[in-house]
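Labels run A, B and C following the written order; every chain starts at residue 1.
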Amino acid sequence: MRRISHEWFFLIPITVFLGLFVFYPLTRVVLRSFTDNLTGHFTLQNYLNAFTQTRYLGSLKNTLWFAGACTLVGAVGGTFVGLLASRMSPKARGMLLSFYSLPMTLSSLVVAFAFIVLLGRNGVFNIILNRYLGLPKFDLYSWHGLVVTYSFYNIPLMTLTMASVFLNLDRSLIEAARNLGAKAWQVWIYVIIPVLAPGFIAGISIVLAGMLAAFGTALALTGMAKSLLSLQIYSHASESNYNIPQASALAVVLIVVIVGSLATLNWIERRLRPGGER
Amino acid sequence: MRDQGARAAVEINAVTKRFGNVVAVADFSLEVQRGELVTLLGPSGCGKTTTLRIVAGFERPDSGRVFIFGREVTHVPPERRDVGMVFQNYALFPHMTVFQNVAFPMRIAKRPKREIREKVREYLALVRLEGLEGRYVTQLSGGQKQRVALARALARSPKILLLDEPLSALDAKIRIQLREEIRQLQQKLGITTLYVTHDQEEALSISDRIVVMNEGNIEQVGAPTEIYFRPRTLFVASFVGTMNFFTGTAVTTGGEIKLKWHEVLLSLPPGANVKPGEAISVGVRPERLSLAFDGVTIPPGHNVIPGDVSFVTFLGSIMRVEVMLADGTKVKIDLPTKEGVNPQRGQKVYLCFSPDDAVVLKT
Amino acid sequence: MRRDTVVALIQRSLLVLLILYIVLPLLVPLIFSFSTLWMDIVPEGFTVRWYLKIFDRPKYYRGLITSLLVAFSAVAIDVFICVPAAYAINRLRGPGGGFLRAAFKIFPLIFPPIVVGTGFVQAFNRPPLAWSGSLMLAVFAHATLGFPFMFRNVLAAFQTIDERTLSEAAASLGANLWQRFRYILIPNVIPGILSGSLLVFAISMGEFEVTSMIAGFGWRTMPLLLYRSLIDDIRTASAISGILIATSILAFLGMTLISGRVGAGKLRAAGARE
């Protein structure tokens, strides 16, 4: 007699929930992406559109550039602040990291609004810049503006990751390496980078995946003026430009892009790991 | 249900448990009598914990059956087995005070409040922890924690007490003190106890009987003295205490069976059941060996092997001498110390032992 | 001046600057929401007029109530599905458990809000799942977006308390599954559940992306109202932003308080061991 262990019953609620609200909708997305918007027949046209029409191709290119730039800024800024945080007293670090966890739950619209007040055409910052310093205004509604705004999410996110990564970097490892005769650059190559890499890559994976799909703040700031893949999906899936099959196909493309990026990062991480595949 | 009175407190009947390819417990059978303290002793990974967890009900055996006072419990969940357990890392409830921890089983059993209060006080007195009722368990020392764990396990008045290496997280001194207390408490309450340890000294000192396990199998079951003086397998002989082995072939000389060890013929203890030509080992404990510094003082009837002193350690009440024999074997000897008797490194000596002090083990 | 003093001063001001980076963008809309006029650098006048408007007009206070209702419901659903799931997955040994733990970690990355929204708009418009435009669908959407956060917190709580041993100890003392949860496990993982709840609550209160895709005609949440007012009523926008910022801050204060409690408890335990 083999009794089913009670753990499996505890998985029923989440299984039902995931089935109903994740796998079922996702299946619908995939199936609908192969149908014609009007007739409902099978077609590959939606995918063909995604890779031939300039608006979609352009949005895909924009998305990649935008997400890449955001990730770069987030990675550099977050690593820098994370390093500083790891050197602070525990109390100062606790305070800093508490503040840096705030943006995580902040509504994308609130962030948009905050930056409009701060950096918008008549924002405080631009008044100082323009009226008192005689410099040209900062354009919040440009690509740069979007990257700066989204950095408000990404730098803190990366900071939280990197602070713990730096804190976990065992000083005695470095000292042991120096003691064994390693030069400074060798310590970096053989000790520090391999130890930091997994956390760093995990951090930028989260940022990059988030930025590939982000649209809330961009929508609030620039409407549909900046063509991002996620905004194209949004416009087809919401009332303005209703075409669910096209939105679905673009969503599948987006998922593939995200999975591809994450897989690439994962591959790089494994190469950096000491003793990993060469 | 079978007749309760006539049966053992715990009966483990041909139990086998596998984890994937690992056979943790293999065809294990054991009966523990009422009021007995039986210890499972063996090296790491030999299946002690698994056996105990099968009795407690945390693991289900792949085959075999478990009885507690005649009632089959093989498929009874742990909470309905009436078995108290003390865990290696205490497993106290961190959000509760000492009082609440000990009261927990009675609270679950819906005992009246007054009774709970009295009983908790009683059990805390039993483990000598009066006055700590209000402390959170996170504020206790390791020894105190283990006492709380013991009081808590007893508070349910279980039919059987199980202890899995209860002392291994404590330092040496408290360990010895607490093991004596556990033994006294166990005898006072007369509670049937299964005790797991990999510390042979602990096993020898507190058990009524010891079960020596190896790779999921029982090697030998017996009283501590029996295990120590009459080990039945090479494994038991080498795992419990220190043993010197002389391995060779049995031969007949002058109508007597002896062990031919290199050029030396060693007499076997009377009644050794050995046939000529058999490969056997003769084991002798260090304290049963003596040293002769010349050929004259050798006691009559003793086996004698010549060698050189290679190492001497003075330990106060005894002196441990290591003697290297002609074939390179190193033999350990424990001598009672006496001022002025100092074997020197390199000194030629004769190892002596009475055949009565040797055990014969088949290889 | 001594050299240490200079270094300390630099460190102090660096910390202030780094904190300002977060605080300033949050402070500015707050100040804006309490000022009568802000044309130049310095805002003028103090008023709570813009907030009063929210509590006066049905459109806005209904939005607030809707948001609270959705957030509380989403939290309740996530607690209901995540606590048992975290318990079970923490117990699963072998590759299965490891796979599930990793899957829940990358799940929100490959299933972002835009995809959740695209799925939700087309999956629930036919019987028996004809929930389009209903508030219930928003609740489920928020629960879907929030559950990874709840799950992560609760799982971490189960991992730190060594749930298996505690459960076994309780079982050996006669506690059945329900009693083990009621008296042992829940009291020990409640900090994780509370942190997860605060996180999900804050996320739900501010959620705009998916909500706007599945919004019905009968209801509006705060972020949807904020989106409208960003275009035509910047004053109301400031007050709604103020409320949402306050929600996030309160949620994080709550979480800091909880982790502080737990941390202090650990410290006490560590101190007692010496």
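Everything below uses one rule, namely that a residue touches a chain if its C-beta (ideal position, glycine included) is under 8 Å from a C-beta of that chain, and two chains touch if they have at least 3 such contacts.
This structure is a prediction, so every number in the text was calculated from the model and none was measured.
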Task: Smallest count of steps, each to a touching chain, taking chain B to chain C - done: 1
- [ ] Give me the ID of the chain with the smallest distance between its Cα centroid and the all-protein Cα centroid.
- [x] C
Task: Euclidean distance of C-alpha centroids - chain B vs chain C, Å - done: 54
- [ ] Go ahead and note the Å separation of the Cα centroids belonging to chain A and chain C.
- [x] 18
Open item on the list: Rounded to a whole Å, what is the gap between the Cα centroids of chain A and chain B?
Closed with: 59
TODO: Using the touch rule from the top, collect the residues of chain C that touch chain B in their complex.
DONE: 161-162, 165-166, 168-176, 179, 183-184, 187-188, 265, 268-269, 272-273
Open item on the list: Under the stated contact criterion, what part of chain C meets chain A in this complex?
Closed with: 11, 14-15, 18-19, 21-26, 28-29, 32, 39-41, 77, 80-82, 84-85, 87-89, 91-92, 106-107, 109-124, 140-141, 143-144, 147, 177, 199, 202-203, 205-209, 212-213, 223, 226-227, 230, 237-238, 241, 244-245, 248-249, 251-252, 255-256
- [ ] Please give the residue numbers of chain B that touch chain C in the complex, ascending.
- [x] 56-58, 77-85, 87, 89, 91-95, 104-105, 107-109, 136, 138-142, 152-153, 155-156, 162
TODO: Using the touch definition up top, name the residues of chain A that touch chain C in the complex.
DONE: 6-8, 10-14, 17, 20-22, 24-26, 28-29, 32, 81, 84, 88, 92, 95-96, 98-103, 105-118, 122, 124, 127-128, 152, 155-156, 205-206, 209-210, 212-216, 220, 230, 233-234, 237-238, 244, 247-248, 251, 254-255, 258-259, 262
